[in-house]
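Chain IDs A, B and C follow the sequence of writing; residue 1 opens each chain.
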Amino acid sequence: MKFVIKKFVTMVITIIMVTLFVFIAFNLISGDAAISSLGTQATPERIESLRNELGLNDPVLVQYGRWAINFLKGDMGISYSYRMPVSTMIMDKVPVTLTMALIAFVLMLIFSIPVGIYTSKHEDGWIDRSIIIINQILMAIPPFFSGILITFLFGRLLKLFTPGGYISYDKNIFGFIGYMFFPALAIALPKATMAVKMLRSSVLKEAKLDYVRTAYSKGNSTNEVFYHHVLKNAMLPVITFFGMTLTDMIAGSIIVEQVFSVPGLGRILLTSISNRDYPVVMAIIVIISVMVLLINMLVDILYSVLDPRISIEDK
Amino acid sequence: MKQKSFKGLLKVFVVFALTIALCGCAGDKEGSDSSSIIVGIPQDLEDSLDPHKVAAAGTKEVLFNIFEGLVKPSSNGEFLPAVAKSYEVSEDGLSYTFELRDGVKFHDGNAVTLEDVKYSIDRCADDGSGNCLVPAYANIKDTQIMDGGKFVINLVEPDTEFLAYMTTAIIPKNNATPDTTPIGTGPYKFVSRSPQENFIIEKFADYYDEEKAAHINTVTFKIIGNMDTIAVELESGAMDMVARIPTAQADQLSDKFDILEGTMNLVQALYINNSVAPFDDVRVRQALCYALDVEEIKSIVSDGKGEEIGSSMFPSFGKYYDETLKDVYNTNIDKAKELLAEAGYPDGFSFDITVPSNYTQHVDTAQVLVEQFKKINVKANIKLIEWDSWLSDVYSARNYTTTVVGVDASSLTASALLQRFKSDASNNFINFSSKEYDETFLKARSTTDDDEKTKLYKECQKILTNEAANVYIQDLPEFVALNKKFTGYEFYPMYIQDMSKIRLAD
Amino acid sequence: MKINNYIFVKDISLKKNSLKNNRNFIAGSIIVVFMMIFMLVGMIASPYDPTAIDSSAKFQGMSLAHWFGCDNFGRDILSRVMEGTYATFKVAFGTVIIGTLFGIIVGALTGYYGGLIDEILMRINDSIFAFPSILLALLFISLLGAGTYQVTLALGIAFIPSFARIVRAEFLKAKNMDYVKVAKLMGASDFRIIFIHILPNTYTVLLSSIMIGFNNAVLAEASMSFLGIGVQPPDPSLGRMLSEAQIYLAKAPNYALFPGVAIILLILGFSLMADGIGRD
């Protein structure tokens, strides 16, 4: 309980710091919502009056305080560019990004666990070696390039999906998942290859420990030792990695959303940053950070459940 | 998890992947419904939907289908009566009288009244906090509702071009949320919008003129997230039409599509901050003009298409456009070097070109310019900048040396393009200053005789060219890809997508 | 980016040396040296001027005159990939130098002294993690301006936390080791303990994290220039070439292929070297 409270407090502090940073950043970068929404029709008088209307002339901390109080009351404000409530604007897009991250996560699991186990069980066989080499090369492909490659291969050559032909989830849920599979694949690929590598080395390390040798000498079968002892212990660091990956997938989808034209949180974030539309940016950042921090907390708890040697109170 | 189950898992994975991929294929076929069309647009409507407050050209071109003014521009540059049945201009150019058309309804079913008209015009002259939303409306003395369904606008100074500003949208007085629920009188009515996804409009059944009513029932404007896959999307049927399609994408389309060619109606130029050294010397500006080779730019940036221009005016403006000006500075490297030497820069100099990074055609043009200026020993450095930073640093603060952009006309009047070069204009972002120009321009604006006016406006253009106010390049080509199922697309001399003209091909 | 640093280093430091790992290192070095030679050839004897425009050579395919073909401006892709590799190396070196230098100082101090500073730093670290990197990049760009040096500085600063974190972990471990305790008893100053006693003992971890730093810097530079920040056109950069090439994918796949392969080789080389070093 003490742990949960402590985690919660640090979470709140982190969110306050992030939002404050964002606010200050918005004040430092050139341009503001008034100039941005008036565009080439701006006159000094109209800029000034719109700034007053939006409250952009107040000191940063006053603006921040006003935002924070409204936010705690459940009011995310009105988008400066779209002029619509931020909440309705964003809530539509949360499922999009979450689904993409979840599909990517599942893909990563189904790819990395079997491959990781296979290669570690057949260490130094020719299949293992070739998998490791391919794995290493796949790991070196930057996400924006793998996006291009996937579009080219599955979209243009194999025609499995229409690049850019995003289908909304409230229109056709199967079409939606079918489309999201491919951007998810682009996100999953680098993470899965990293996971394979980690899992393999973690298993190999564990397999060289004394207790494993003892278990074998007691006459246990290879598979039994492997799955009951080695794998169970070797999974621990990998689980932390999986947790962190999930957070990374949620937070880092901007480029992939761009390449695959997915109207998710990342793209709204990107356009809102360039429109200097801070109510939207702030709301998205808070949502993403809360998700990220919650997942981190869950990973910590899961960790201690799986390994009784570790108590979360120590951390 | 035993070894066998690994193979099982792999099977599950493959099946999973395949089903999902197949789902994806099945979902694509939407949009082939004959009474609807999906139009790709390159940018979202990140804007207010209030027609008086909207700023982005990309939003205006879509809202054109929803709103109408007392008059409405036609594709050949004339003004047709719309909400007004007819209009009269007094001989002194001081008073405009409009007669309201009978039976015009707003999309919410209410009839348009003269109060709505007066409200709309007055709102643009003063939005309630002292701002004039249409700069030309500063010239309005008063507006009056007369008997017999007539509406009069009186001006302070005579202005024979004022009709061009009467395209201001007529909106209902009682709409509480004009920012998000647009209600107009146009051939299409608003249905929904989803940020970064789409904007949907539907045929307005009660439109007053059956001949001009829309043909297609539903129009979905789909926001294109990735410009590189436009051709694939069009071919698959995920989109039926894209205006301003990049040539590289248009090249890839099959004969299922018509590629229509027009121009963007922009003055693309290397805009120069005339008050910054060394560009405060006219000889330096002229030298850059002589170094310019428009043909090379056109062949690299747009496969040789595009319309070379020599001043701040493009061909769609018809009688105001002077085509001889594009030949004032023909490429002449020796002449350019000579001018530079005279100005005191025999060894050249170095300067920055600030370019908004989201406009590929301007970035590409700037890259060619850098190479062309190298030939006269002038070193140009490109600085890419975000559009919103461009608006604040370059356009508002004028804190720049040169920039490559395209400037459009906010209305169909010559003064819309030329007014900004008046030395005291608030949007004179190039800091151009010429007494001769100011005088000629004012004279042109106040003249009521049309021939005299045209002549004076041409004079203004000539001054801009001779002074080398900017290095004028071209009016960029515009390509529209339209599925052959549809026909009827019309180019306008302004930034407009008129969907009501589009109909099914026979 | 931040994650893999942490995990890999933790992972690598536990490994024992073996022939196989050296093989990794050798393979990695070969790739990196190959790319450096490729870059040097470009600097000394580039086949063409990488920015020279030729409208008649637009989209020329691969030929003896133009090994990698020409781009949409008729510029020689081979020369541009060479020059772009050089630009990437430049940014990567600068970034890693700034990142390690300050990362060591911050990590050493917080790890060694702990307490409040440590707590604050970890919170800042967490916050930066949640901060959108695009906004961070934009922030730096509007403060410093766009360009190669600015991007190097911005990335360098952004890399400090992850280096600091690694160094901090090593110092936390070392703090309670016997040799440090003995040094303290002998009256050595904190400065001496930190820089003379502990720091040299962390070299394997440092070296491999520097290699991973290169790896991430290459990736980050490519992503930044892919988004149009960083090296300004017409000067070539691998990321920007890739993003410009996207639109011509159907017409000229070679335009995207070569810069893409160059990025992959660089990342592959550095990551293999990182794997190898940690295991000696």
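In the analysis below, a contact is a pair of C-beta atoms (placed from the backbone, for glycine too) under 8 Å apart; a residue touches a chain by one contact, two chains touch by 3 or more.
In this text, all values refer to a predicted model and were calculated from it rather than measured experimentally.
With chains as nodes and touching pairs as edges, the resulting graph is complete, every pair of chains being joined. Looking at which of A-C and A-B shares more C-beta pairs in contact, the answer is the pair A-B. Taking each chain's centre as the mean of its C-alpha atoms, chain B lies 42 Å from chain C.
Chain A and chain C, compared by their mean Cα positions, are separated by 22 Å. With centres set at the average Cα position, the gap from chain A to chain B is 38 Å. Among the residues of chain C, those in touch with two or more other chains are 138, 142, 246, 249-250.
Taken residue by residue, chain B touches two or more other chains at 386, 389, whereas all remaining positions touch fewer. Contacts with at least two other chains are made by residues 29-30, 156 of chain A.
On chain A, the positions that touch chain C within their shared complex are 10, 13-15, 17-18, 21-22, 25, 28-30, 124, 136-137, 139-142, 144-145, 148, 152, 156, 194, 198, 201-202, 205, 237, 240-241, 244-245, 248, 251, 254-255, 269-270, 273, 281, 285, 288-289, 292-293. Contact residues on chain B toward chain A in their complex (touch as defined above): 1-3, 6, 9-10, 12-13, 16-17, 20-28, 30, 44, 46-50, 55-56, 129-131, 135, 179-180, 194-197, 223-226, 229-230, 232-233, 236, 238, 386-389, 391-393, 395-396, 410, 426-427.
Listing the residues of chain C that touch chain B in their complex gives 51-53, 55, 58, 72-74, 138, 142, 145-147, 228-229, 232-234, 246-251. Interface residues of chain A, counted against chain B in their complex, comprise 29-32, 35-47, 49, 53, 81-84, 89, 92-93, 110-111, 114, 117-118, 121, 151, 154-156, 159-168, 171-172, 174-179, 181-182, 223, 227, 257-263, 267-268, 271, 274-277. Those residues of chain B that touch chain C in the complex are listed here as 227-228, 231, 246, 248-249, 251-252, 296, 299-300, 357, 360, 363-364, 366-368, 370-371, 381-386, 389.
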